[in-house]
Amino acid sequence: MLIRSEFDIQFQMARRAAMVAMLHLHPSLERHVRTGNVLVVEHLEEGVVPGFGELIGTAEYGDSFGNRCSRFVAPEGLLRVSGTSTIEVDGLAEEAGAEARQAAIEELPCEVLQFLLPSRYCEVDRFMPVAQDLFGWMKPGWERAAAIRDWVHEKVRFDYQTARPTKTAMDVFTERVGVCRDFQHLAVTMSRCQNIPARYATGYLGDIRWPYTGAGDFSAWYEVWLEGRWWTMDARHNEARAGRVLMAVGRDAADVAITTSCGNAELRHFYVESHELLEDGTVVAPVAAV
Amino acid sequence: MLIRSEFDIQFQMARRAAMVAMLHLHPSLERHVRTGNVLVVEHLEEGVVPGFGELIGTAEYGDSFGNRCSRFVAPEGLLRVSGTSTIEVDGLAEEAGAEARQAAIEELPCEVLQFLLPSRYCEVDRFMPVAQDLFGWMKPGWERAAAIRDWVHEKVRFDYQTARPTKTAMDVFTERVGVCRDFQHLAVTMSRCQNIPARYATGYLGDIRWPYTGAGDFSAWYEVWLEGRWWTMDARHNEARAGRVLMAVGRDAADVAITTSCGNAELRHFYVESHELLEDGTVVAPVAAV
Amino acid sequence: MLIRSEFDIQFQMARRAAMVAMLHLHPSLERHVRTGNVLVVEHLEEGVVPGFGELIGTAEYGDSFGNRCSRFVAPEGLLRVSGTSTIEVDGLAEEAGAEARQAAIEELPCEVLQFLLPSRYCEVDRFMPVAQDLFGWMKPGWERAAAIRDWVHEKVRFDYQTARPTKTAMDVFTERVGVCRDFQHLAVTMSRCQNIPARYATGYLGDIRWPYTGAGDFSAWYEVWLEGRWWTMDARHNEARAGRVLMAVGRDAADVAITTSCGNAELRHFYVESHELLEDGTVVAPVAAV
Amino acid sequence: MLIRSEFDIQFQMARRAAMVAMLHLHPSLERHVRTGNVLVVEHLEEGVVPGFGELIGTAEYGDSFGNRCSRFVAPEGLLRVSGTSTIEVDGLAEEAGAEARQAAIEELPCEVLQFLLPSRYCEVDRFMPVAQDLFGWMKPGWERAAAIRDWVHEKVRFDYQTARPTKTAMDVFTERVGVCRDFQHLAVTMSRCQNIPARYATGYLGDIRWPYTGAGDFSAWYEVWLEGRWWTMDARHNEARAGRVLMAVGRDAADVAITTSCGNAELRHFYVESHELLEDGTVVAPVAAV
């Protein structure tokens, strides 16, 4: 299956400011990339058509999680970051690993250990007894990991209006309402409490082979380490889906902000979509919503 | 100057459990090491003299911050981790950089950027306005960085009894009391809010060329990035001191736990000291307390 | 000046449920009431015109703060609570008491002491050092009380979208954004920290002799005890206004919920207005907005 | 049974300061008082024997919960508050009400309604879903109320070292450790979440007809409203005990501080005991500890 993902995001910069973007596809997808995966940063002066602005140079680096980051200096005025990529993937929904075993801590690879630690939005140290009460009696491994995801999915309600940048897993646990990232933070936290390494993931999740759900956006999900590999989990949607396109992973949302500006950046335009593409370049329309 | 640092820590393990230790000196000190810097892990059966227990094998790895970590499986029973190191350093107190300038974000090295982010105990995202009110009017660079350290030192009171594992910078800000790590967390957080990269550091700080202050312990301090390098800061002691011996750095205390056990480890013995050593091996007695 | 205040609030009740309402004017206004101040509770069956529904009986009581509360059992279906009152007041904006002195604690009346204590949304115990840093150096009395109000007004931004029921003064202090109640909670908390008794107030604040600001709503303000009496303060608007009509006072918003339902009550209609009235009953149009 | 309760508390006052004390027995015990129930406040100058100091006048008032409060101005220097009371009670342990029904909200007396609200240390608004998950499936009334008490008793560990003045029910829920007041705050909060009115209580709980547990102190417990009356519950001890002597009730610990000083009061002496007394005045020794 071919997936085309694209974004066009514009900010009005009150003044010159350094920015960091995590808008490339994740390095693990590199061998799947057919076209694109280029970040275009433009300065759009008054009246300039998007795509014809002055190009801003970017520098790339890998962060400590292996994500591909870009940094640049945005001049005062209108800034546009955009890109289009086509990848070829098998088109299968993410696997469930019903038999996946949970490794003993001593068998975890070293680089995985950090995903057991508390982080800004995942207060593992405060959640230990709560997670133990809820899940400690269950069979370790996939069963317990999936139960955590299901519990969060069941107990938390989605509501865009309730998003706030400082919301932590504990806030989600008590308020029981949030957006993508909030669902995943709570599930990540409780997984770690149960010695299941868990990391936060961000990327595209378009309505591919799936009923149409509305305008596109980036999405968040998470991954758990079982049976020697990472498995995709999504406490918000909780459905096996084809068409996730990974951009970045980290301990939690603090590590994988799509764009970070060190000055006043006012969002003016936001377009993010991903679609299935036929070999001839035709976009496959999403299934009509039910 | 020669510094000998040593530790002897013993745990009663309720059952076999994986452990991670960060008890080596920091890799940046490697060229200063004269002797030791070996981690000895022993299982002490009933009646066995420390130093003669069954050796437990350890595996080493570097974490994403460049710290030297050791992992091993502790058997049920009494566990001893110990080590002695001698390093040769210039013996100067840490420098103050009165002229050190604060780099614009765009000039920061990529690997330094992560030390501007919020982390478990450093809620940068919640502290922005508070830090701006307190320090935003000051001259950027050393002056502002030092003012943050001084403010924390002045406003927070030390009290061992008030330590708790979940205490965050916000708790320290409101309670105004804490231990080493709490002072540093608050200063780290406010530094980051002001775009000064700051990282948490842990190591030895014996009473070297300093009045005696009591039994030894590990200590925490922090480092800020100014003028292209890291500078040592200590919001608790707030004195330029010779004899800091660095063990590990990270975003905050969550990253640099001296020992982490994934099972019930009850502390039975705790000895940590560092001293100045003469060339003939004589320990320099600390200056009498005033 | 005559002020007419009115409300018409309708809920869809998922099932029979007990309700408490604080929708009368405050007992201190009783001698100013010319007409109305009656709470009408109706069950509106399908097709019934508001005002002609089946009347629901209510029972009244005074709570420990002297507020007039009504309780009743709402049947399943559409519920309407409504009322209209006319009061006659002097029409002066609330006074400033530039000379008002702050009493020593020992001179405070007993019933005022409780307004120094921490309460659900006013964490006086956590704010002590923060308030002391900010205001402890100022002249006690009106000057300090007004400085607290001004500080909150200056530092906090109004945004309806950021309201949430669990938001405390500490959240407002760190997020610096909120609605009426949030402004007042922060100011109340800091006032109490400085030994100025402060209580939360709720009522009508229409655009009376004031430029039109939009559809009506209940409003919140607060009162401080200085020079032997309560003075009105409003950290959100921070303007002396004619036309406040008090409904209830308490320690914080937890004490003075306009309506509390012990079952699922979905808001269907919400109309709240207060206007100046001429003797002939004509409503005085608010001044055009600037 | 006769119970003698006594206290002798001494503070070093850094300067003259207003104080409030809640050191009388609760008014509901008045008809049981045989002797005493007098609060003695003395200023102890250098060398003056306790009991012979200069008497400080106090003024009494009832707070909004019906507690008997005393206020006075403590001079600089050593302050002693002391008192002895003897009451006669039936000597029965507090009753369990296995059949006690939970009233519908609409049947609750008005003055009881406030004990359903959130308060400083009881974040009812944040605990709703948690309490519903844990207890919502249970039979309402005594069974559910007792299950809440038992759960807290089972899950929380007592540790004097972990007390801190700002600890809320949510902190107790996540840390699972605390002192008397913390156990009761958590149980009170979860009871209110389940529409069981609950109030915090403080008083004496000596080792009467009970094995000796150490030096005396004031204790905290709580009360729930079922079947038309208040029932004593104690989530810390969770044992039916004779010999509780009530001093004050409130929403939570913020309302019933034994002594509140508005200046620097350093505790110098603290003696609190309660014993069973024979008719001839002999103190009944507590049962030897097991």
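Order of writing sets the labels: A, B, C and D. Residues in every chain begin at 1.
Heads up, the rule we're going with is that a residue touches a chain if its C-beta (ideal position, glycine included) is under 8 Å from a C-beta of that chain, and two chains touch if they have at least 3 such contacts.
Every value quoted in this text rests on a predicted model; they were computed, and no experiment measured them.
Although subunit B and subunit C share one sequence, what matters here is the overlap of their interface residues, and that overlap exceeds half of the numbers used. Of all chains, the one whose Cα centroid sits at the greatest distance from that of subunit D is A.
Compared on C-beta pairs in contact, A-D and B-D come out with A-D as the pair having more. Averaged C-alpha coordinates give centres for subunit A and subunit B that are 33 Å from one another.
For this pair, subunit A with subunit D, the centres built from the Cα atoms lie 50 Å apart. Note: centroid distance subunit B to subunit D, computed from Cα atoms, is 42 Å. In subunit B, the positions touching at least two other chains are 126, 166, 174-175. Note for the complex: subunit B touches subunit D at residues 161-162, 164, 166, 174-175. Looking at the complex, you find that subunit D touches subunit A at residues 126-127, 129-130, 133, 155, 170, 173-176. Of all the residues in subunit B, the ones that touch subunit A in their complex are 17-18, 20, 59, 61, 63-65, 69, 71-73, 104-106, 110-111, 113-114, 117-120, 122-123, 125-126, 165-166, 195, 254-255, 262.
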